[in-house]
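Before anything else, here is the set of structures, which you'll find just below.
You will see two complexes here that share chain A, one where it goes with chain B and one where it goes with chain C.
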Partner chain A sequence: MFQVKIRIGLVAAKLQLLRLYRMHRRSAANALSKATRGFTKREFKTAQRLLASVPSGSKATPSSPSLFSNTSTQKRQDDQMLLHPLYREVADQTSMQVFESELVNEGNIGLALAFPSKTPDPLRIFGIPKSVEKTFDLVTRPFSVVRRPTLSLRQTLENARKSGSDNRIVITGGAGTGKSYLLLQTIIHCVASNWIVLYLPRAIDTVNCTTPYNYEPRTQTFLQPMLSEKLLRQLRDMGHSGLKKLTLTNDFAIDSAPPGAPKKGQRLIELIEYGILEVSMAPFVLEQLLAELASQTQYPFLLAIDDFQALYSQSQYKTPQFEPIESFHLSVPRLLLEYACGSRKIHNGALLSALSMSNTSWLPKTEIYEALNLDLTHGKRPDAWDKRSEAYQHYAAGLKAFRMPERLEIKEAAGILDVMKNDRALLSDPSDQLFLSKYCESNGNPKEFVWRGLMATLDS
Partner chain B sequence: MVYIMGVALSDAYPAKIALTGIYGIGRTLARRICARLQIHENAPLTSLTPQQTTALTAFLSAPANAPLLPKLPLASPHFRPNFHTNLVAPPTGKATNTNAIKAIPPKSETSLAARAQNEQQSVGLGDRLRNIKVETDLRRAVRENIMHHRLVNTYIGRRHAMGLPVRGQRTNSNAKTARRLNKLERRG
Partner chain C sequence: MLRVRPALRVAFKRVPRRAMATDSIPFIPPESTKRMIRGRGPVQPMPESPTFFSGHSAYLDRVYNLEKQLNEFTSLMHRAHITPLPKVAEHHIGHVPSYWRDVNEMYQILGKAIKGTQYRRLISVLTQLNKLRRVALLCGREDIAQSIEKIITPYEKSNKAVLESLSTGRKRPEPDEFGRVYAVGRRKTSSARVWVIKVKDQEFRDASDRGSVPVASCIVNGIPAAQYFTHVVDRERLFRPLKLTGLLSSYNVFALVRGGGTTGQAEAIAVGMAKALEVLQPNVKPIIKQAKLMRRDPRMVERKKTNLAKARKAYTWVKR
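The block that comes next holds the complex of A and B.
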């Protein structure tokens, strides 16, 4: 019902806009019509920006192309039409600071910080999860707010790294609580602190049958050469100086490997280049590269995985007999699972992962549910009759859950609202009443607050 | 456009959908064929390598001649190949050099053919793809079936010859499709 009202409201708004600008030049009117043709919030926002960029009748100079006719009566009408603040102000994010580690402290909770865009940008090189991508599209400059979990996760990571203990952390929490965003914030912090970072924003892509696979009898698993090559290329593009300084502690020794295999003492970057060049060797190269990075202690190494629950279920790949392949029978997921369960240790650094409830085909299964002691916000609790796989229980052993709070704090929500207001991303002029009502309606859930609270209202 | 057995398959679809453009292949069979040839079914058709396209054509030209594939042995979580890195304590309890990487033995010792021959592994329920027919073979089979019915003078044969519905539908009205398509030399 509410969605029907929104649609009717949008149609009415669109018609009103078109009626108001009937006098304009055909090209401008066509541009506006094209901009408002769709019913999505993003296209409506584009229309708003087009309108905002149109100079009002009183400010139009004779030299600039005027969208208004020359008659004085029409000029007066147009002046009245563009008086609303929404049509005059443009998005202004110049006051927003860029994410820096020093700015993340107790006193700055609720402060909105833009993701840095200097090269190499990990968000561009590794990509971002789909849900985060949709939220990035809402604003002109991707941002996040400093939250209490940001501080505590950072502290947890530092403590674990200093004590040298096993640090395999999984960020858990209900849908829309900000797990992927927290992971992104931590990655940005680690990149700025000169960690070597390997980030998989969509672990589902390792198991959803979108990359080539071939059986390898020596490892009795299915290799994923293109996926391995992609991860190697992303690590190379990050351009960390450690890859050029660290050297191999062992030869790359595989029988019948193509010529040019790097030897002990050569730099890691040469191993990566070899894996990119010889794609058939990429899975083995990736395995050795991660082993070298995990065993060295000069540079901390972060293995970050989003959609972590996808690794603990059957993949969509099939054997030649059309039987489903388990994820630990694929080379890349098996490698990640071995780091997750502690078979392969990261001596200086951490494995940091986040669950995701966005894709209903890949919800957390029984083994990961019980290993992390999840609650009902992660789906139905498994009962005594659900099958449990010993293999996945082995791979889920020893994981530590980092629980996200269910609600945003008021300061954090206010920080989000400020950014969206300055960005003219909202359909209305926000007031305190609007803010508090949407905060209460969404129960402080970040995704609900933004999408079904702020973006879905026509209140003014 | 990718051409397989003379049929132009659209580039706009993933392999498991594009293969249904071949007469005789539906959604399920397309997925099974992709699995058998180890083509990832969500692959865009343009991303298929020439070797994969050749393998597809070779298989579909003569499915009965394709070799039986043995069931592939798959590694348990505790399986360790000879080549492994940075494993602190393998579950077997044997002490190993932490960063030792040993060479994998030559391929001939662990080849698939040798394993199948030695261990005589079964193929499970049998290779269901050996009896499939596609394109011209399937059309010929359909025509032969209709001709057989006509030759032995069955009801089905007579209805095909008259161009009327075969399966007991009404003819007082409708039956347009049957009048158009039901022939002794049916297109298939």
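The block that comes next holds the complex of A and C.
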């Protein structure tokens, strides 16, 4: 059944591509991404793999002849057909610059920059949060706008890294203020600056009972081997040169470990490979790997977590006696919490996390609410009768809040509108009146401005 | 022999009469002998007014009289070249306040109760006379004004002077010492109190900020409007006055709204906002008027009727 579905998806993708190529020669990749917007994720990935060899641009020559037959006759036909301006009005994002660290400065606030797509692409390897994925689907080229918090967070991160101790930052702010996007921007900057980055875009996946778990009597915690292996694989796929240069400072000493365990002096990449091979050892490998990365000072290390509040609540896992498991009793969340509270220190680098208000099942709980001194935009304020867990309070101690502004600046909002205008994503040609009215109606909130402002209106 | 009046008796005496069987004099009431047409018998008494045989004689007499006098004064004003007034002057005069007696008080004047339609007809004539009086006064013809006043004063309330001093007319909102304008808007069962204030001139942070423009913020019941109204349609309705007049960068709005639902509240605020904007910037009045933004939507929930399930919905018809 799965195979049949893939085949059907492939056929449908092929037919669509054929039609598209006939329709418009210019920028096949653009047209493809627009057409595949309605496809499911699986079909999209299949189609993408098909066209992986097709470069974008006017001189595109497809490598697979079965897909594109009779190209010369079609070209002649294309010249005669489709002269109406409606067909010429296509998305044109060629003028958008790619994200570079030098471009992010005070003078460029409001400038839209595309996320770089050169491999290794951290967005493809680690994944992206769900809300960001939805917004990426709106446009042909994923982008973000340079904002004032982008600059200030960069500065804060640099200071935190230098200080060595005060380097646990949490991006806070109401729903839709751009926390996940800011985290993404900072990750891209760090990757470009040769940091070693480990990014968890959906920390909820560590606690929502989607990966296997098993009880380990030695540590008295529940291990998550598949999840740990996935994180190791992602780190390996990032292919940072430091992993090949840095060496282990300790043996991998776990009782009854399968043979092939790396020893002191071996490279980190070998430890990772061992952990991927021996999935049962993956949680311990991850623990040691993070310890090594945190203790070394040669390369800055960024531990980035989105949906941070999910780590500070009871998980959806259950013990065999059907009792709920706290998140600090699971191997991966516990590891992250220990770095968050400072029990495990990152000597050169930082832990950068972002809260998320998108999932109402995982809203910030009492302990994190009070530790970060959140306000009413993060939900109901806890009162004197709410229970406070000492464990979570310990794990939330020492976190530094980075507050997002509630409103976009006018220039930043204008930057977003420009991109959507060039992308022909709006129903009508936007005017100043539309822009200002949508800005006022959404009170400058980025998510509301885009989704319930520009995309949800029939106004002009 | 007929007993007739002495004058006629003298006339008839000349003709000799033969004695008849009906010679005895029939009784004729003396009153009916007063008016008699020769050879035709007694005359029916003429009613004093042509409205005698209608059911509302007194009322109709007065109304006809007033209408006749209205016509007379109108032609008088025409001859004096005061009327017809140019459109500008008519607009300037506007509505003339009046304090007519109500239906019950009119009963005392007319001696008989009148219905609503009749009352309205009377009032309409009086209002026209009142307006003529005002016009005459404005044009300096006090003599005409005084004569009209003599006619219409019996129909005015006795405490007219008191009422005049109390009522200041329809209050037009005015900016207070801080430049705020207060107005009220209503829709269905929602009512909104709206204060509109000009946005402060922004101080630019630095050279890069010069592309920035100030933006209106709207706070409803202490919460930003974007948070209070989650539906896109409600938000659009709310900001419609500012959007159409192009004042999105100019004015902030603070509203306290109560009653009804979200859409009703949004529209109530919009009406109040439009009223305030019209005062703050009179040049936007044509836009507001054309878009009917100041119109208080009169549609309300229709009442349920007897024998119907709801206002219009009927019960299922059953054949048997």
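FYI, the second predicted complex is superposed on the first by the 372 of 460 C-alpha atoms of A that agree within 3 Å, B and C clash if a C-alpha of one lies under 4 Å from a C-alpha of the other, contacts with A are read in each partner's own complex, and residues count from 1 in each chain.
By definition in this document, a contact is a pair of C-beta atoms (placed from the backbone, for glycine too) under 8 Å apart; a residue touches a chain by one contact, two chains touch by 3 or more.
The model shown is predicted, which means the values in this text are computed figures rather than measured ones.
Enquirer: Both complexes share chain A, so when I overlay them there, do chain B and chain C fit or clash?
Expert: Superposition result for chain B and chain C: fit.
Enquirer: Just to be sure I read the superposition right, which of the two partners does A:N443 touch: chain B = first, chain C = second, or both, or neither?
Expert: second
Enquirer: By the touch definition at the top of the document, which applies to A:A391: first (chain B), second (chain C), both, or neither?
Expert: first
Enquirer: Just checking: does A:S256 make contact with chain B only, chain C only, both, or neither of them? Give me first, second, both or neither.
Expert: first
Enquirer: Does chain C touch more residues of chain A than chain B does, or is it the other way round?
Expert: The larger set of chain A residues in touch belongs to B.
Enquirer: Based on the superposed arrangement, let me know which partner A:A294 touches: chain B (first), chain C (second), both, or neither?
Expert: A:A294 contacts chain B only, not chain C.
Enquirer: Of the two partner chains, chain B (first) and chain C (second), which one does A:F284 touch, if any: first, second, both, or neither?
Expert: Touch partner of A:F284: chain B, not chain C.
Enquirer: Go through the superposed model and pick first if A:K345 touches only chain B, second if only chain C, both, or neither.
Expert: first
Enquirer: On the A-aligned overlay, A:Y199 touches which partner chain: chain B = first, chain C = second, or both, or neither?
Expert: neither
Enquirer: Going by the contact rule set out at the top, does A:Y213 touch chain B (first), chain C (second), both, or neither?
Expert: Only chain B; A:Y213 stays clear of chain C.
Enquirer: On the combined arrangement from the superposition, state the nearest Cα-Cα distance between chain B and chain C in Å.
Expert: Minimum over all C-alpha pairs of chain B and chain C: 25 Å.
Enquirer: Spell out the residues on chain B that touch chain A in their complex, using ranges where they run on.
Expert: Residue list for chain B touching chain A: 31-32, 34-43, 69, 71-77, 79, 81-83, 85-88, 98-107, 110-112, 115, 123-125.
Enquirer: Chain A touches which residues of chain C in the complex?
Expert: 208, 211-213, 215-218, 224-227, 232, 235-236, 238-239, 242-243, 246, 248-249
Enquirer: For chain A, which residues count as touching chain B in their complex?
Expert: Touch list, chain A to chain B: 208-215, 217-221, 249-256, 284, 287-288, 291, 294-295, 316-323, 325-326, 328-329, 334, 343-345, 391, 394-395.
Enquirer: Could you pull out which chain A residues touch chain C in their complex?
Expert: On the chain A side, the touching residues are 106-107, 109-110, 409-411, 414, 433, 436-437, 439-445, 448, 452-453, 456-457, 459.
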